[in-house]
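I've put the structures underneath this note.
Two complexes, one shared chain (chain A), two partners (chain B, chain C).
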Partner chain A sequence: MTDRRETWLLLIPGLALLVLGFVLPIGRMLVLSVQDANGYSLEHFVRFFQDSYYPLVLWRTVYLSAVITFFCLLIGFPLTYIMAHSTPRVRLWLIIMVILPLMTSVVVRTFGWMVLLNRSGLLSTALRDLGLGGRSFQLMHTEAAIVLGMVQVLLPFMVLSLLGVLLRHDPRLEEAARTMGCSFLQTIRTVVLPLALPGIVAGSILVFTLSASSFVTPSLLGGARLEVLAGSIYKNVTQTLDWNFAAAQAVILFAGIALLLIPYLRLGARGHG
Partner chain B sequence: MTLTARFALTVAACAIAAPALAQEITINSFGGSYEEAHRKCVIDPFTAETGVKVNIVTAYSADAFAQLRAQKDAPQYDVIHFSGGQEIVAAAEGLIVPVTEEQVPELANLYDFAKAGVAKGEGPAYQIAAVGLVYAADKVPSEPTKWADLLKPEYAEHLVLTNITNGYGMIGLLMLNQIAGGTLDNIQPGLDTVSKLLDAGAVVVNTSPEIQAEFVQNDAWIAPYASDYAYTLRKAGLHVKFVQGEEGTPASFITANLVAGRNNVELATKFINKELSPEAQACFSEELRYTPTNSKTVLSDEVAADVVYGADAAKGLMRFDPTIIEANRSAWTEAFAKTIAR
Partner chain C sequence: MVRAVPTWLRIAAWCFVLLTGLLLLAPLVVVVGVSVSESQFIVFPPQGFSLRWYEKALSTPAFLDAFWLSLGLATLVTATATVIGGAAAIGLSRGRQGSQLETFFLSPLVLPSIIFAIGLLMLWSTLFGTTSFYVLWLAHTVIALPYVIRTTLAVLAERDPYVNEAARTMGAGRLQRLLLVTLPQCIPGLAAGAFFAFNISFDEAVLSLFLRNPNLTTLPVQIYGQLEFSPDPTVAAVSTVMIMITLVLMVLLERLMGLNRFASG
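Here is the complex of A and B:
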């Protein structure tokens, strides 16, 4: 009995924060999304799907988030694997290196990319000099620029999620696999990857949701012509003051992410079981 | 809990934390060099004269208006500044209230166009930003003189347009629309022009700092934008000039508005009066090259050459009806986004 009461007491701060900071605003958002001048209606959702513009924005958001997640994983997994196998001293330095970008403002980091990617920037000039782009070729205002900028911002989330999981493994499992005749890659595939699955799932979900909901980096690097859903929502809230439509877009983004994540979470659960 | 209730709670919490310090007012400014000039020309002298502390919140017009609307039941600003005509809607919604000549004596010296809406509650214009052609004088093959020059093929890959979520961007589009034969009832000709320009290689940006980046780093030559920004670019070391298009000079009015429901009216109106004073306006023109609205303002020749100065010149300015812009903003913004989407 006392145990249960203590459990509840410990839960209260977290629960209160969740209700005040998440459940209530989300509820309010749901209500706003189905309200119009005359009461309740689905007109905002109809507007979203009436032509191909908003569905394309949604598709770009989901597809870019998936690409960003993929690259974070591609870069993050080997890096984390090395980190897990290095000495605590080296690991500490590597962790600091990975976290360092998080300590500068996202706007500053993004402006750095802008300098590198625009028409007279280092990367665009190099690609032009190699004959890979036309006279006015630039990387700014392309989807590639968004992916580059976002991968840098989000890599730490992937690495930290993976590191916790990889460090918990008994290194002797890998040694056993190697002595039983597995090659390095086989060990990775049959031992390390399955064991790291919960970390991969957690990191991917973090990176995916963060990139689907970010708008500063995409709007600065992607420019006005490559809209993502979070940017469109921001515009509707602050510039056209169309809060109901903004809420409807937020609900669609929320539902879209949830739909994609449920199967992924199942995968993670199987990994545990 | 509703949004307003939440704001009320926040306000209550603040009230407990900081017991009434009546000798301060809260305003918005637009950040960067504008805010610096605002401080130098108005805020610091005002504080020096009255001992009143001025809290500055950096918020562009649209953001500031969104905040004002959200804070309807517990406003946080005393004086709010708009550059996109938001005062018309704000006045209609009762978010801001009229100022009188007793409260703001300088109103008597303003040009008529700057105080046309004051009786309705719209704040007086303390500055005017004229929109024309901003161009890199050292790069263009020939100097532009009219809006139609923007369509010249020689500029095609060096033209920068601004999204209409930006106030000057909106004015630029409406002017392109006008020369293409459109009206405020039909902006399709303008949108078609934008499409054509983009296909030819023009770039669209969202904010003014990006225009600077385009000029510095991306070999941009020309942009339809405001005279003050041409000066900003010149100060940044670029050889940039501003010219009024022959077809007309659409302008954006920057207004100072008294927020409803605050108990600081006397200080707030004093602050507005300071903004309208000839000294403050001359200082603003000197710093940023905005056009003054007080007929008593005296400018040096150098400054006068860069702005629209004097009663006669000011008569040539035109203003696209902000009520029509406001009524269509949402639809136009969406139409523009669809036009430029790749």
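Here is the complex of A and C:
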């Protein structure tokens, strides 16, 4: 037996598993989306884009994902910067703070938000007491609820994407900038941000992708009125049983994600061993 | 020497960290709070203290069945993902196939599972009529596999390559080197990967929701169903159990591999 043979023997079970459970299903989904009762056609896609409802769902998905990504970056970057600059002991606690929610089921975390956001919940009550919103005001079933819940769900992904990049810098670069007369904010802008750019891009793409394809949190916090694309796919598969149409919507989601992901996968494959 | 960070900023930074911690941990704290409340409604802050919702959860067959299903599933997924992923990682670490193959192996990590959930459901339904435990096992193994591969590859990248050479010079055969040299070198990575695999499978909701049927309801799916209709504090008790399991896994992971190292890798 040669080295090559042994290597392939090690790889084959994994390859077989991925073909069976990953590649074939994606292929089946692609075929399903262009099938109708009489053979092949693009009618499901035409229906999606000509409808008055679904383009709105698509737009809401894109725009909410963009807002969620923006907030994850806005909170995630300073948090990760602080993590990278703290002592290993403090950093460990901060990492626990980020990873514990990440490793907890999305269903459980969404439940927590439901308790906080509903009419009698802590957050809705607090906002009413501050005089914001009317007597029947509640945060549940608003876009704000979706954004808040999703930022909590996805922030850890942003932090972990940034942390590796920020820890890899030579800290002396920042010191040098400061010694040469840069203010703290100037150093951030001219030294730290440009160096962190690969992590910022990778993290944003990851968060956007995950956000655009989530339905558990958006449908529980947003309700039926604020449907997103993934929620619509789930509804078509489990309730209206229109699988072809669901597959077409998944292809639209897949196409959008692929456009973002292909460059990301290239980056990722080069980035770590 | 220039002070790296001005004092006002240092204070602002700590306030910011506290607020972010609140954002990240609030939903978990709330769930735990609701679960020990005496009130029969879902209220936070909790009113009084009681463990009655845990008792009720333990006497609800739907939750018990879902728990055992999730536990069995996660255990099997852990075993298969660790063995298959470990082998694949060793294969990949020999590195003559280029990074394309690695990208392929890691792609379930970045491609959202909703994309292949429909295809999996469709394939399985046309072949066997309905979904079964096996399809869930397959689906969860697919998404757990990349985690095992990543942790094992990370460990393999840091090993001493000369040990293997030494073993060969001393006359160890191919299988001996694989089992007695490479495999022991992989163990920290395999163990960390196994914990991730268990966590992924036990908490997974998307694939389980698509592939569910009345006899195939995992714990997250059971909770999701309750949240859609009539959540009562029993759901909080079950959710708290899930949080505790996560906590235990995280502590084990820290002991085994160091979260610091994993998080910055």
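What to note about this one:
Please note the rule applied: the second predicted complex is superposed on the first by the 234 of 273 C-alpha atoms of A that agree within 3 Å, B and C clash if a C-alpha of one lies under 4 Å from a C-alpha of the other, contacts with A are read in each partner's own complex, and residues count from 1 in each chain.
The criterion applied here is as follows: a contact is a pair of C-beta atoms (placed from the backbone, for glycine too) under 8 Å apart; a residue touches a chain by one contact, two chains touch by 3 or more.
Nothing here was measured: the structure is a model prediction, and the numbers come from that model.
In the superposition on chain A, A:Arg28 makes contact with both chain B and chain C.
In the superposed model, A:Gln239 makes contact with chain B only, not with chain C.
Looking at the shared chain after the overlay, A:Leu130 reaches neither chain B nor chain C. Contacts of A:Ala37 after superposition: neither chain B nor chain C is touched.
By the touch criterion stated above, A:Ile99 is placed in contact with chain C alone, chain B being left untouched. When the two complexes are overlaid, the chain among chain B and chain C that reaches more residues of chain A is C. Using the contact criterion defined above for the overlaid structures, shared-chain residue A:Ile82 touches chain C, although it does not reach chain B. In the superposition on chain A, contact is made by A:Arg91 with chain C only, not with chain B. Legend: residue contacts after superposition of the two complexes on their common chain; A:Ser120 is shown touching both chain B and chain C. Common to the chain B-facing and chain C-facing surfaces of chain A are residues 24, 28, 114-115, 120-121, 237-238.
Residue ranges of chain B in contact with chain A, taken from their complex: 1-3, 62-63, 65-66, 69, 157, 163, 165, 198, 201, 203-206, 213, 217-219, 329-330, 333-334, 337-338, 340-342. Across the complex, chain C meets chain A through its residues 2, 4-6, 9, 13, 16-17, 20-21, 23-31, 34, 42-45, 83-85, 87-88, 90-92, 94, 96-97, 99-108, 110-112, 114-123, 138-139, 141-142, 145, 149-150, 153-154, 157, 174, 178, 199, 202-206, 209-210, 220, 223-224, 227-228, 231, 235-236, 239, 242-243, 246-247, 249-250, 254, 259-260, 263-265. If you check the complex, the residues on chain A that touch chain C are 1, 3-4, 6-11, 13-15, 17-18, 20-22, 24-30, 32, 75, 78-79, 82, 85, 88, 91-92, 94-101, 103-116, 120-122, 151-152, 155-156, 160, 163-164, 167, 174-175, 178-179, 184, 206, 209-210, 212-216, 220, 230, 233-234, 237-238, 243, 246-247, 250, 253-254, 257, 261, 264-265, 268-270, 272-273.
Those residues of chain A lying in contact with chain B across their complex are 24, 28, 51, 53, 56-57, 114-115, 118-121, 136, 138, 140-141, 219, 223-227, 232, 235-242.
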